[in-house]
Structure formats: structure tokens, C-alpha cells
């Protein structure tokens, strides 16, 4: 909440990011001159809701899809940067004993698949199914957060579980990715999380947003310079052990501010991609209508 | 209209309107009760006894007619008309003393004076040792004595009692009858007492009204000597007297016939 | 030991052990009740009347002594000893007929025969028109008539009644007393009846036992003519007779003194 | 003093005293003198509806906080026509109701005999008391994590959760039903020659029915609350999951429709139970 | 026939009849003849504990499904020492209890006057009846999505949810408390010269206290169940969030510890309420 001098930032557990060093070291608090409260969420949609209610001002690493869903429904959010890219950390794991691979993926029709609904994982699942020629409307999608999805997959309640974060490691004990991150990227299914702020917060406290982005940028740079130095801190903040954090971080990319300004990202790529995501969600019957243009919700001025 | 009656019941009728019918609970009832009189009311179930009492107490307004107490028309309940109910009308969250002092406290009477009154009444009803007990710890008979004392604490001119001893066992009841009689003699209050017991009605009424139902009305009125007698000789002697037994007989058969006529044999 | 008594109560004592004390509910009580006798039991609250009845019924086993019914020691309840309780012992989920036929049905009696019995009993207690009503729709007096009929349906040798009329109003009660008396006369059952009403005890007992508490014991026994008288002349004449009034007086003062002695004036 | 009779409408609306209250001089504190106040109920409803219409017409509230009346209506029509996420609305309702009924059914199936054993026998009471006393204060919701671990997310897991929610309520209701039987009734039955089994069947069981029914009503309410939670965690169908998924898409109108449906169905369940009770246990409270 | 007195231990264990039951010839169906059966309770406990020990020792169950006894103990010691996710255990407990108490408090604060208004006045009843009747069957959980949208994830939102959970319970309890006042008591007070305000204060209020207290007890129970759900969403502290987060990390031992704590605290709350009731309303059920 924004009680005068507190800023609340939403983040995910089991989602180790470079800036968590700054979270733990309270670099954010110092640079922004306020108390920064970090609240863990189970999915990006709840982040949107909390931001709509005014309790959260910044979401670090919100999924792209919840953002699109939110702004399409009139939620006053702004995308101000890219948090992480992570092709390999958001996957659909299929049970080994199901006997299903990319070649016979259409057998998924009529089976139960666990996924958080209405976020990046869901979007990627839809795109993956589309790519593999599976009729998504015939797959029995069960709304589950990653941790629950992992349990359901391990127990065999679902044949495939889609999740992000540490849950994937647990899932891999009983299965393998239907498509790897690399395979997905190859066919244009990109995966990244974003930094969003509420419109009010951006217009009333641009200096705080700026400071937040600056600290993040520095933390990313510091991490890239010496990944191992910060590993213990990051793992602790993410609620993971060091091995798990290391293997996940290995697949994370933290694009620099300069990169983000480029045409691939906030220079135009993101805006286009937003529209693409919206179209997919509308087509799959999950969203009523998309907007014609999402560029007003993207603001690269804080990079 | 100049009148000497403490309670003047002037041609009252009471009709309860039910969704599909009307009940004539009282039909054109008139009755005068003199100051300092004790009157008992007897009658089969549903003949309007409670209705009559509630009208005098001011809880109900009659469909027709009016009741005057001490010359003033009754418009609502008032502290000059005390009530004693069958049971369950004590405030169980209060102690004996607090129950008795309830009236004076509500009326804002002087505290010291109230304390004296309570002390005196506790003595009269024989509950001095129980002053600070919560009332729910008392036996039924004791509770009714508290109810009597609570009513007397406000020093009402008229006391209306609706089967005050109805829930007590036979022995306790006889004792309580003596207490009521003593109070009547000592305080000179005007008392109207409803009862189901013929014996009690005979014993406690200078006058006795027998009511009949459908429509509720006064069927017969008796003037009786027993209440006054009982002030002089032991209650048991009064009740064993041949006059008493004969009166009891007469009234019993009267009510018996009344019931038979109304309900057949299915009471 | 050859005996003619239907119920032989042989020096029974009953001690209830409480966590910190013992209650002598009955102390060395002996009593013989002849076949076809009707006996009433009177006594202040807590003198062990119910305890005594429960022992005869076989619900309690005495601490010492034994009870024999028709010569056989009582070890538990049995269909040859019927019970009538004060109230609330009817099965409210059953109709009048089902209540009355409960005993025969449980004992697996012939259906047609049971139906006849029920019909006959409905006639006796005057409830033919109410045969299929649920019992909770009946008035208190009617309910007790069902209880009587239910007890009779099993044709027990002995009927034990614990204040069967205690919850009824005065008029209904008088009528029910007549019914009990008639049943006794017609069926010739052995009846033991507990009551709090002196009048009832006098009226319904060929013999009357007055019990006293602490320890529970039989204080006095009377042999009375009124039950037999009432078979010939109207109940009201019996009760108005000078003999009756005198007996009433004697017993009342006896109990009165007993109570006074025990509890002082705080009943 | 004869009085004019007020109009039937005024009485129905609660604006005039009815025949019962008319003759009372003191009404304050007299529960029987409080009428339905229907006029004011209608007023409340009117104010709420007008407020919604006005707010919708002038777009005073962002639709994701509270939907417009027309939007909600359209959404309702759409869901009724197309269903929500490929499932017809009545299927969502049906599956939730089915889960609740199953949970209550199994809860009663196990809980009633358990309660009888505990109320009738020292051994039964001793054996089960520790478990019942310990499990009772644990809200079923807190068990969701364990139940997911044990039974996964299938129908069985949900119904098991609801079963647990109703089990202890039913056990305690049956136990107290058994314990509340008047000893005079049991004694009367013994004296009429009934055996233990007959007493169980013909006296104790009917006597416990009212409390068992109260237990069923309570169970229904609790399970109806719990099914929403059970469907939050993992569900493809059911009113609870409908609300959760709609929430993810910020479809506040669907959320509101779901909540209203849950309210209405909860109310209907309560009404049916009351009726059933009047019909099956007419003697209730009349012993 | 004098009988030998059984030993005090045998009576305590429920193996021998105590002085009350000893003299009864028919015990089946007699609730007063059922003793504590303590021996069998101890047996149940012993069997459960032995089963856990054996299962742990021989690793019969995957710790994922049910933790080993030693593992659970170690985890408990660890949580007691270090806390769970940087918050001491007593803080988790404290915040949950605080939320429940706040919710019940505000529920009572609003619900009691509301119930009084509804029980005492036709206007009050009319005005609030539609809202209360409609909201009552809606489980508070179903409102979570709306409450997050409106009030976010702060303390306020959680307490508001609990407030709603207790509000209707308290309203209905207060209303039925008011309606259950015996008319003879009110009439007696009028005849003793009491004014309406005095009747409200000195008759109706004390008379409604027992039902209000029952409402408080029910509220406590319901809120204690709801707090777990309230803490599902973005809670960093509280027993509910502890269980949920532990489940996410498959820490079944912590889940079990959390559930046991929730059970124990729920039980303690119930005990305290019972004590309070005996102390504050000694006249309960004795009117």
C-alpha cells in the first residue's frame, strides 16, 4: 500500500531475479527514499487486481498476458520495462508415462492439462497447441497455480502441467517438456515478464518509478558481471535452494535498458506483440475483445 | 360520571381479528371494583380472563368501551397498576434485590429510600437471607414471592395477577395464598386475581367472577366471606368449613357444566 | 417364601453416591401391595417416590433388598409392569393409534388382534375420533389418556404411575381421576400411583402411603374408603363428604409439619 | 370507539397495523408487533436498483469494480446461451450442487452412525472422541493442501473435502440427538416390551431426527461455502471456478453473476431444507 | 446384596460403572449411563501415535504424503527457532488471531445494532431484510475476488472479509435475541414504570445477551475457518499463508504443523468463549 512513504511491489516466489539483491540489501528503499514492501503473489492476475485496488504500485516480473487482459478491461496499468526473458522457465511438462510427444500431441484432446488461466503460461500453451495442431478447445484445461499444478502432475491427476518457476523442476521428475523453450522461440513463441506500474503512480511519482528502474538496471548489470556473488542472496529471497536458483537463473535473460529501448522491445516490438497476445486470447474465447492499439499502455520513458 | 370504584370497566368488548375469522374474546363486559377490594376471576380456558386483565393493565385497548382506574381512562400501562404473572416474568439476570428495586430505579426514586423499601419487602416475603442471590437459583415459590415484592416496591394502587400461583406445587401454593391474603390485609391494595383453582378463587376473593367463553362474558358473580374469615382463623379451618365446601361444590359443577356444553368430553 | 402380594417390596434401601456425599433416597422400605389393589403414594419433594417406582419398574436395582412382582424378583423392566409418566413420554412422531399399539407391535402380537385392542381402548379413553391424529396435536389431558391406553394395550398386571395427572389443569385433572378409577374397577389391575395432590391421593387410593425424606422412608399408611365409594356415587359427592374433608385435613397438616421441619419456611 | 379498518394493501406493506398489532398500546419491545415492513423492503430494493441504473447510465463506476447493469445483463444472456468456457451455466451450477450434495450425503452416511455410536456407548464415545474433538475446530479449508497432496484435484478430492466439512457436523448432531432422548421415553418403551434394537429403531432414531436434520441444514450451508473454496484451487467446472477464472480475466460482471447465483442457490437450498423438515418431521419441537 | 466398590481408576477410565450408572439395570439408550470411555480414548491415541512412529521408523509413507515424526519435530523446533519465512511462529499465529478477533469485533459492532433495529422496528426490519436475506447464503469466500478488486490485499481487505463473515451471523443472533424476549417481561417492566429506553437497556439487551453470545461463538468459528482462505491471496503472514506457502514447497511437515496449530487454537478459542459465557451470562437457559 502507499501509506505516504511506502511503496508496495509485487513479485513471485520461486522466481529468482537479479534485482533481488537490491531487494534484500534495501538498495531500492535507499534510492527511492521510501519503504519498499515486497509482496509475493501466486499469479499475475492477482497482481493486476491488487494494482487495480490501489494496494500495489509496481509489479516486477508480471506476466505479459495478465497485463494485456488487464488493460483490455480498462485496468490503469503501464508497461515500463522488461523484467526477464525466460524461454526455458515457463514450460508445459508432459508425464513420461503418457506416451505423448510432439508427434502425437493431438492425443491431448480430451485429457486434463493444468495451467494457470489467463497468463503467459496459458498463452504459450495455446500457441504451442496451435503449433502442434491440437484443438485447444478439446483439451480439458484446469485452472491451477504452478505449485498445485506440480502436485497434480506428480500425482498423475493431469497428464500435462504448465507452469513457471521452481515448480517446473519438480514436474521434470515425472516428465519432460512438450516443447523446449528453444523450440518455442524458434517458432516465435517468446517468453518474457514485464515491469508494470499503475498509471496514477507513474504520473504522480515518476521520480520513484525512475529510481526503481535505475536500481533494477544497476542490479542487473552487477549480476551479469558476477553471477555467483549474488546467488545465495537471490536464492534466499526467492525461497529456493542455491542449486535450483542457479539452474533457473541460467535460463534467464535480463535485457539492459539500452536493449529494451530497441525496436525488438519497447521500441515497437512489445506493442505489436501485445496485439498478438490479445488476438490469441480473444480467438481462444478467453477475452471478450482486444483493443486496436496497445501503445498507449507502453511507456519507455523510464528506461 | 362521579364514581367511587377504583377500577371501572365500562362496557368493553374485544374482538381479535384473525385472517379468516373473528374471536369475540370479550363481549360487553362491565364491572366495578371498589377500592381495597380483592376480587378473583375464574373461568374455563379461553374465556378472556387474560384479555380482560391486559386491558385493565393497559397493554391492549378494547375494541369498544373503556376502563377507568381511579377515575382516569386507561391509555397504556402505568406504575400505579402493578402486575404479577404466572412465571418467567422476573429478570433472571438480576439478583433478588435488583429485581425488587427495579420499579423504583426505573422511576428514579431516591436510592436510600428504595433500599429501605426493598429491605422491608424482603422481610415481608421472607427472603432476607436470599437478598443477593440471582433469582434463577430460587425455587418456584420463592420466585413468585420476589414477583410479589417487585410489584409492591412501586406501591401501586391496583395489583393485577394472572394465575400467579399456577405453576407452584400444591403445598407451596397454599402457603403463597396465605401470603397474598396477608399482603392484601396489610396494604389495603385493590387486587384482581385470575386463577384456575376453584379453591383459590373462593379463598382469595371477597368477590368472585365466573366468566364464560364464546363470547367472553361474566356469567355469574358471588360475594364471599372466606377471605375475611381467613384473616381471623387458620386457612385450613376456613377451607374445611362446610360453607366453603358447599360453595366449592356449586362453582365446580357450574364450570363443569359450562365446559361440558362447550367442548363435549374432550378436555 | 409363599406370598399373596402382587408387589412385595422387601427391605429395600437405595443410596445414590455423589462425588462428595451420599443420598439415602430409600432406607429399609418394605411394603406389600395386593393383587387388584390401588395404592397412592404422597410425600414432599425428594422423599424417594420416583426412586421407589423406578425400582419396582426395574430401571434401578436397589442397593439392598429386593422387589418381587408376582413372586418373581425384579431384575429389569418388563411388559407385565406398565408405566404412566407425568408427561412427555408419548412418542410424538407416532399417531394416537401407533402410540397405543406400540407395545403389542414390539412384542410381535397378532396384528388383527392388536387392532381390536386399540379400537377398544380408544373407546374406553374416548379418543375414537382422534385415532389418526399425531399425538402432539392433542391437549395435555388427551395425551395422558393416550398414555393410559398405551400402557393398557399390553395388558400388564401392574400399572405404575408417576404423577400421571401432575401437568393437567384442575378440571381436566378431576375428569382424569374418574377415568383412572373406572379403569381400575373395570380391569382389576394392581395400580401404584404417585401424586403431589392430597385430594387425588385420598380419592384414588384404597391405601395411601405417606413418605418422608432424608432418609426416604414410609412415614404413615392409611386405609381409605373413598376409591370404593366413588365407584357407587358421584366423585363430587365423595370429595365433599365430611370424612373426606377431615382426612384431607389430617394429611395436609401432617405433610405441612413434615415440610416445615425439613426446610423451614422457604419452600 | 369503533375504528376504521385500514386497507389490506397498507397492512400487507406493513404501513398500517394489522389486526394483531392494532389493539396493542405498547409496541416497543413486543416482537409480535413488528410487522414485515414490506414497504421499506421495496424501498431498499428500489434504491439499490436505481443506484445501479444511474451509476451505469452515467458510468460513475469503472466496470471492473462493479459492472454496468446492461453489461451484466448482456453477459448473463451470453453465458446462458454459450455457457462459460465451453460449459453451460447449468452445468457449472449442477456440478457445484452435485459436489455439495455428495459431500453432505457421505458425511451423513458416516457421521450419523458414528454419532450414534458415540451417544450410545462408552466404548464408541471413548474411541472416537479424541479424533472428533481434535478435528472439529480445524476449518476444512486448512485441509485443502493436505487433500491436494493425498487425493489430487479430482472429483474425489473435492467431495472428500466436503465430506470432511459435513462429517463432524453430522456426527455431533447425531450424538446430541441421541443424548437428548428423554429417559422417560426410553423407559416407557422398555416397559412396553421393546428390545434394545427396537428402542434404537423406534425410539432413539426418530427422536434424533430433528437434530440430525438441523445437522443436515448446517452441513449444507457449510459445504456450500466450502465448495467455492474447493473449486478455487483447481477446477474446470463449477460456480467457484467460474468466479475464479472470470476474476483472472477481470470479468467483474461474470464474478457478480456467479456470486448472485451462489446466493440464490444457497437460499433455495435453505428453503428446500426447511420445507423438507416441515414435511418429514412435523413433530419437531413438540415433544 | 451389597456390591464391591470398583476402583477409582477403573471408574476414571470408564471401564467400571460409576456410582450413577451402577444402579441402572437398563443402560442402552440412557445418555446418562454413557461414561467418558477414557480407556478407549487413550487406546485410540496410543494406536495413532504408535502407527506414526512405526510408519516413520520403517519409512512406510512418502514424507511428501505424511511427514515422519522426527522430521516434523525437527521442523517444529526449526520454525520455533527461526520462524517461517522470516516471521516468528507466534507472529503468524498472532496475526491470524488478530484478524479473526478484529473481524468478529467489527461484525458485532455493526451487526448487533442492526439486529436490534430489525428485531424492534418494522421499518428497520423492512429496510435491512432484503440485504440480509440476500447476503446471508453467500459464503464469504465467494466474495474474495470482489474484495480484492475493491480493497486490495491489505489488512483492511482481509478484515473486511471476516467482518462480512461475522456480520450476518451477529445480525441474526441479535435479532433473534430481541425477538425471543418474553412479552411478560416487557409488560412487567412497563408496569413498573420503565420507559422505552430503559426497557431496551435493562430488559431487551440483557435478555438478548445469551443469543448474542452464541452468535459470537459461531462467528469465531466461521471466521477462524475463513481467515485461512483470506490469507491465501498475497498474504505474507498468518497461519493460513504459512500452510499455503509450505504446500507450494511440498513441505508437508510444515503443513501438518500448521493444521495442528489451527486445530489447537480453534479449540482454545472455543474453550475461552465457553468460559466467558459461563462467567458473563450465568443465567443462560434459566429464564
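Chains: A, B, C, D and E, in written order; residue numbering restarts at 1 for each.
As a convention for this text, a residue touches a chain if its C-beta (ideal position, glycine included) is under 8 Å from a C-beta of that chain, and two chains touch if they have at least 3 such contacts.
If you're wondering where the values come from, they're calculated on a predicted model, not measured in any experiment.
**Q** Which chains contact both chain A and chain C?
**A** In this structure, the chains that contact chain C and also chain A are D, E.
**Q** On a CA-centroid basis, which chain has its centre farthest from chain B's?
**A** Measuring from the centre of chain B, the most distant chain centre belongs to A.
**Q** Roughly how far is chain C from chain E, going centre to centre by Cα mean, in whole Å?
**A** One centre to the other, that is 47 Å.
**Q** From the mean C-alpha coordinate of chain A to that of chain E, what's the distance rounded to whole Å?
**A** 40
**Q** When the C-alpha atoms of chain D and chain E are each averaged to a single point, how far apart are the two points in Å?
**A** About 18 Å, centre to centre.
**Q** Among the residues of chain D, which ones contact at least 2 other chains?
**A** In chain D, the residues touching two or more other chains are 26, 64-65, 148-149, 187, 189-190, 203, 244, 247.
**Q** Residues of chain B that contact two or more other chains, please.
**A** 59, 76-77
**Q** In chain A, which residues are in touch with two or more of the other chains?
**A** 49, 52, 148, 151
**Q** What is the complete set of touching chain pairs?
**A** Taking the chains two at a time, the touching pairs are A-D, A-E, B-C, B-D, B-E, C-D, C-E, D-E.
**Q** Going by the contact rule at the top, pick out the chain C residues touching chain E in the complex.
**A** Per the stated touch rule, the residues are 14, 16-18, 58-64, 66, 75-77.
**Q** Per the contact definition, I'd like the list of chain D residues that touch chain A in the complex.
**A** Chain D reaches chain A through residues 62-65, 85-86, 148-149, 152-154, 233-236, 241, 244-245, 247-251.
**Q** Looking at the complex, which residues from chain C come into contact with chain B?
**A** 44-45, 126, 139, 141-142, 169-172, 174-175, 196-198, 236, 240, 242, 245-246, 248-249, 252-253, 255-256, 259, 265-267
**Q** For chain D, which residues count as touching chain E in their complex?
**A** Residues 14, 26, 28-32, 34-41, 43-45, 48, 64-65, 119-131, 133-143, 145-146, 148-150, 178-181, 183, 186-187, 189-190, 196, 199-200, 203-204, 221, 224-226, 228-229, 232, 239-240, 243-244, 246-247, 252, 255-256, 258-259, 262-267, 269-270 of chain D touch chain E in their complex.
**Q** Residue numbers of chain D touching chain B in their complex, please.
**A** 1-3, 19-20, 22-26
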